[in-house]
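Here's the structure we're looking at; comments come further down.
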Amino acid sequence: MEFLLSGQLLVAALIIGSIYGLVALGLNLIYGTMRLLNIAHGDLVMIGAYTGYWLFTLAAISPVLAMLAAGALAGLTGAALYFGLFRRQLAGSQPIERIEANSLLIFFGISIVIQNLTALAFTASPRTYQALDTLVRIGEVSIAQSRLVALAVCLGLSAAIVLFLRFSALGLSIRALIQHRTASRIVGIDVDRVQAFTFVLGFALAGLAGTLIGVTEQISPFMGFPFTIVAFVVIVLGGLGNLAGGIAAGMVLGLIETYGVALTSANLRSVLIYGVFILVLVLRPEGLLQKRRLT
Amino acid sequence: MKKFVGALAASALAAAAWAAPVQAAEVRIGYSIAKTGLFAPAAPSQINAYNLWAEQVNARGGLDLGGKEKRKIELIQYDDQSNPGNAVKIYEKLITQDKVDLLLSPWGTPHHFAIASVLERHKFPMIGSTASSVQLRNMKPGNIWFTTAAVADKLATAMVGLLQSAGVKSVAILTNQLPFGQENKKFLMPALKAAGIEVLVDADYPPNIKDMTAILVKVKAAKPDGVIGLAYPGDSILYINKAREVGIAAKFQYLLVGPAIGFFRGMFKGAADGIVTLGHWSPHGDDARSKAFYAAYKKKFKQEPDYLDSVEAWVSVEILEQAVAKAGLDKDKLRQAISTGTFDTIIGKVRFDGVQNAVTPTGFLQIQKGELHVVWPKDRQTAPLAPKTGWK
Amino acid sequence: MLTVDRIGKSFGGVRALHEISFTVPEGSIFGIMGANGAGKTTLFATIAGNLAPSAGEVRLRDLRLTGLPPHRIAGAGVARTFQIVRPFRGLSVRENVATGLRFGARNRAGAAAMDAAGILGLTGLEPVADRPAGALTLAQQKRLEVARALATGPQLLLLDEVMAGLTPAEVKEMIAMVRSIRSDMGVTVMIIEHVMGALMALSDHVVVLDHGETIAAGPPADVADDPAVQTAYLGRRR
Amino acid sequence: MRFATPRETVPLLLVAAIAAILPLLGSDYYLGVGFALFGWIALAQSWTIVSGLAGYISLGHVVFAGIGGYVLVLTWGAVPVWAGAVLGALAAGLFALLVGLPVLRVRGPYFVILTFGLAEFAKYVVINIENALGRFGRLILGGPPVETLYWAMAAAALAGTLAVIVTRRVRLGAGLAAVREDELAAETIGVPTVRFKLLAFALSAVLPGFVGALFVLRTGYFEPAQAFDPVISFTIVTMAIIGGSEDARGPVFGALFLVVLSELLWSNFPQVYMIILGALLIGFVLFAPNGVAGLLDRRRPSGGARAAA
C-alpha cells in the first residue's frame, strides 16, 4: 500500500482536480447568476481543444498562447449566444423554474449543433498532438510540462476569479446576482451587463481549459460531453451557484477519483462518481459544501 | 390538422419516391457505418478503404461480374449513428428498398451481430471486417463471414508464445471494460497461468478513464517484465503519456488497439517505439499487393491506413471483388464462391471455414523507428521483436 | 372544533412559534392578528400540514392532525388559502375549482357539497371561469384561492390575508363573502388579516401573536383594548 | 364515460392507421421504420405521463428500456420470449417504484439531472455486473421475426397512447396536473402527491421496459452501453417537446415528425440531420413551447390539461 504515499499520485490527483474545478467554475458562474443549465459546456471545452490543435499544427503556436485564443473564441461564442438567444429569455417575466428547464433544452440543442458542425468541418476522426511534452522532474515526481502548465493555469485562474469576485466592483455585482436576482435589480445593478459578462466569462473559461485538456487527450467533436457531466457532478457536490465550493469540490473529486481508483478498482470510477452525485442530490440538493456566504 | 397530415403524407411519399431504386448501369453496393455517435471516430479508417477500393475499381473500368461484363461501382452509405438497431433498419432498407447488388460491412462487432439476422432472412451474403469475438462462432454460416484473425482465444495463445519468446516471466494486465478487452483478458489469464507467467498487477478500468497514474504507480512498484494493456485508442494514448511520466520500464509493453492507427505514431514519435500491438499486416515486408495498397492509401488520404481496421475492410473488399469476378451478382453463386474459394489479399491467402477466416494466423506488430513491423508469428516477421528501451 | 395545543416551531434555532394554544369553536369566525413575522402564516402551515411543528399538536375534533400529510388533513376537512397566491396558473379558473372538487374532503355534508357553478357564483368568478388562472388580476386570484379552497368541501377554512392589496370596495365584497361562507355553508373560518377593521368586524374571537407567542386572546373588543396588544402590535404599526 | 374528444381520437386513429398501412407496403424496410416509430411513440407517451402531466422532466428514461432489455437477456432461454419481455416491463416498473420515493422528492432542474445521473449509474452498474459475470455483449439468436416484433411494438404504441388518454381523464391525471402547476397547493387541496407521483413514475416505466426488450430482440444483441445509451433519453425529450407534451397527440406528432425527418435526412446527411434536430429543439422551446400540437390549436388560452374539466 506504500504506493498510496507516492508523490506522483498526489500530483496526478491535484492536476485532475484543478482541471475539474476550472471547467466546473464556468458552468457554475452561468448557473449561479442566470440559472441557466449549460449542458453544452463540454462542447466549449471541445472548441478550445480544437483551437489549440489547429494553432499548433498549422502555425506552431504553443498551447500557452493558444489557450488565450481559445478563451477568446469561446467567449465570442458565448456573447453570440447571450445576445442572440438568452438575453430575451432572461428579461422576460417567466418564472425561474421555466427558465431553468428551457435553458437545459436549448443548450442541449446547441450542444448537438456545435458537435455536428464541428464534425462536418473537421470530420469525426480523433486528433492528437504532442506539445510541451518534455518531462520535468521534481524530486521523485516526474511530470509532463503540459500537465504542469495545466495545473498552474487552472489553480491560478481559479484563485484569480475567486479574488476578483471578492474584491472588484463587478465581482461584487456578480455575487449579488447569485445571492438574489430580483434584489440586485432593485439596488441598481446593471443586471444585463453583469449577465453578459458572466456568460462570456463562463464560456471563455471552458474554452481555455479545453486547450489545456486537448494537449493531453484525444480531440474529437464528441469529446465534450463527459466534461459536462463531470462539471455537473462537481457543482452539485459544491452546491449549484457556490463558486468557491465548486473549486473545492473539483479538488475533492480529483482526490476521490485518483485515490478511490488506487484503492479499489478503476472499474468503479463511474459508479463512484455517479453514486456520489445521486446521493448528494437526493440527500442535499443544495450541495455538500454549500455555505451561503462562501463566495 | 388536415394540412399537417397532408404534409406528412406528402413527405412520406417523397421519401418513398426518393428511395425507390434507380435503374442504373452501376453496381450498387451499400453499407451503413457510424458517421455520428460513439464509434464515429473509429469509422473513417474503414470508410477510406471502401472509397479507395471503389475508386480503384472504377479506374480499372469497373467491377468484373463473373467475367461477363464490367460495371462501375456506386457506393451507397448510410449513417447508423453508432446504433446497431439503426444498422438493422439500414441493411433492410439497402436490401429491400434500395435493392443494392452487394453489401459491405458496418464498423464494429455489435453491428455485425445485429445485421446477421437480416442477412440470413434475405439470404444476402456479406463479408464482415471489423468484428471480433468468440461469439461469432455461434453465428449461422452462409451469409456472413469474418476476416478477422484476432479472436480472443487464439490471441491468448499467440500472446503467450510471443511472451515466452521474449523471455517475459511476469506481467501487469490493464484491461478496458469494453467487450473486446474483457474477452481478451478472459482467455489470456488461464493461458498465462498455464505458461507459468506470473500476473503481478491485474487492473480493470472504464472506457472513459481520464488518468491512469493510480494504476501505473502500482505497476511501476511491481516491476513486471511486461505490461499488457488491453486498451482502446483513447486509453492507449493515455497509457503512453502516463507510462512515460511515471517511468514504466518494462521491456515488453503491449497495447491492444490504438498503435496501429496512423496518427498514433506521428503523435508520439520516438516515445512509442517498442510498443507492441495487435495486427498481422505491415507494408514493410516484400508483398507487392500490400505496398501498393499502402502507397495508394497514403497518397489519397495523406495519412497512413489503420493497420487493423483499414486492412480488415480492404481484405473484405478484395475477397468480394474476387468472388464476384467468379460468380457474378447471383446471391447463391456468390455464397458458394465465398464459402469455397481461396482469395489473394494483402494479408496473404484467405479461405473461410464456416464463418471464420481459416488461414490467417494471429499476429502482432511492433513500432520500430516509427514504422509498424510484423513481429509475430515468426514466419511472417518483417522484423524481429525488440525490447522496449525507455521513452526517449 | 379545532384545538391547537402548545404548538411550537423553530427554524434552525430561530423560534417562529412558541407554546401556542387555543380552541376554535364550531361555526365561528376566528381571527389571527399579529405584525409581520409574528408567526401567523407559520401557524396556518402547521395546521394544514405544510410544516411539521417542532412541539405540540393540532386536533380537529378527535382527530390528531399533527403528523398527517397535507392531503390527509385536506381530506379531514381543513382547507387553506395562500397569502402569496398559488393558483394552478396553466389551468382555467373552472379547472382550478374542479380540481378542488375532485380532491379535498372525504365527507362533504350539507352546504359544503357545492358544485363548481355554485362556488364560481359565490366567489364572483363566473365571468372569468374559462380564463387561465395565471391571467387573472390579483383580486381575482385572491378570490380564486378562496374558491379552490371551498371546492375541497371543508368544515374549517383557513384564510390567509385574502383582503391584502384589495380596494375598499373589494374588501367589502370579500367581507360579505366570508360571512356567507359561514352562514350559508356552515363552514368554520380562521382568518389572518392585516386589514384591522375588517378583522375586528368579522371575528367572533381573536388571537394576537407577537414573535411567535400569544399575547392576547378573546372577543375583538376586549383584545383591542388590551395594553399589551396596543404596544406590541398597534403601537408599532402606526 | 364522456365522448372522446378529437385530441383523444386523433392520436389513437393515427397510430392505428399507420400500423394497418405500413405492412401493406410489403417491405421489411417499412416494417423496420414502423417498428422504430412505434417504439418512439411508446417511449414518448410513457415519458409524457410523468414529465408532461406531472411536470417532472426525466432525462433518464432510457434506464427503463435498458432494464427491460437486460431482464430479457438474463431470462433468455429460461422463459418464453414474451414472458421475458413482460418480465422486463415489470422489472422496470418495480425499479421505478423502488427509486421513486427518494428521487421524486427532488424537483425542477435537480430532478432533471438526477434522472440523467441515475440512468448513467444504472448503466455502469450493469456494465460491472456483466464484467463480473464474464459476459461481453450477449448475442441472442433466433428471436421472433420482424413482423411479429412490428405488431408487438404497434400494440405498445397504442397502449402508451391509451395510457396517456386514460390517465388524463381519471383522478390521477387531474392530480398530476395540479402537481405540475403547483405541488404545494396541490397537496394542500388534498392531492396525495407522493402516491400520485410514484404511481405516475411507475406507470411511465413499465412500457419502456417492454420496448427495451423488443429493441434487444430486434438487434439480437445486448451491450449495456448501448442499451442504456443516453441519446435515447434525449431523443424522447426532443420528440415530446417538438410534438407537445400535454396530451396524447404530442408524442405521436413528435415521433412521426422526427422519424420521417430522419428517414429523409440522416442516412445521407447525418450531421445535417443532427444540426436540424438541434435547431428544431431550440426553435420549439423558444417559439412554440407547446409543440406541434400547441400550434394546431393555438386558440386555446394556454398550456393546461383538460383532465380536470
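In this document, chain identifiers A, B, C and D correspond to the written order of the chains, with residue numbering beginning at 1 in each.
The rule is simple: a residue touches a chain if its C-beta (ideal position, glycine included) is under 8 Å from a C-beta of that chain, and two chains touch if they have at least 3 such contacts.
Keep in mind that what you see is a predicted model, and the values were worked out from it rather than measured.
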item: Most distant chain from subunit D, judged by the mean position of its C-alpha atoms; value: C
item: Geometric centre distance via CA averages, subunit D-subunit C, whole Å; value: 42
item: Separation of subunit B from subunit C, taking each centre as the mean of its C-alpha atoms, in whole Å; value: 73
item: Whole-Å gap separating subunit A and subunit D, where each centre is the average of the chain's CA atoms; value: 32
item: Distance between the centres, which are taken as Cα means, of subunit D and subunit B, whole angstrom; value: 35
item: Junction residues of subunit C, two or more chains touched; value: none
item: Residues within subunit B bordering two or more other chains; value: 35-38, 177, 204, 206
item: Subunit D, residues touching no fewer than two other chains; value: 124, 128, 131, 271, 274
item: Chain-level touch network, classified as line, ring, star, complete or other; value: other
item: In contact (per the touch rule at the top): chain pairs; value: A-B, A-D, B-D, C-D
item: Partner subunit D, residues of subunit B touching it in the complex; value: 1, 4-5, 8, 11-12, 14-15, 18, 32, 35-38, 78-79, 81, 83-85, 87-90, 92-93, 95-97, 109-110, 113-114, 116-118, 121-122, 133, 135, 138-140, 177-180, 182-183, 186, 204, 206-207
item: Subunit A contact footprint on subunit D (complex, rising order); value: 57, 59, 102-103, 105-106, 108-110, 112-114, 117-118, 120-121, 124-125, 128, 131, 234, 237-238, 241, 271-272, 274-275, 277-282, 285-286, 289
item: Residues on subunit B engaged by subunit A in the complex (per definition of touch); value: 35-38, 40-41, 43-44, 177, 203-206, 208-215, 217-218, 221, 233-234, 237-238, 241, 244-247, 263, 267-269, 271
item: Subunit B-facing residues of subunit D, complex; value: 6, 10, 14, 27-29, 31-33, 35-36, 124, 127-128, 131, 134, 136-137, 139, 141, 143, 145-146, 215, 218-221, 223, 225-226, 229, 231, 253, 256-257, 260, 263-264, 266-268, 270-271, 274, 292, 296
item: Residue ranges of subunit A touching subunit B (in the complex, touch as defined); value: 2-3, 6, 8-9, 12, 15-16, 116, 119, 123-130, 133, 135, 142-144, 147, 216-218, 220-222, 226, 257-259, 261-262, 265-267, 269-270
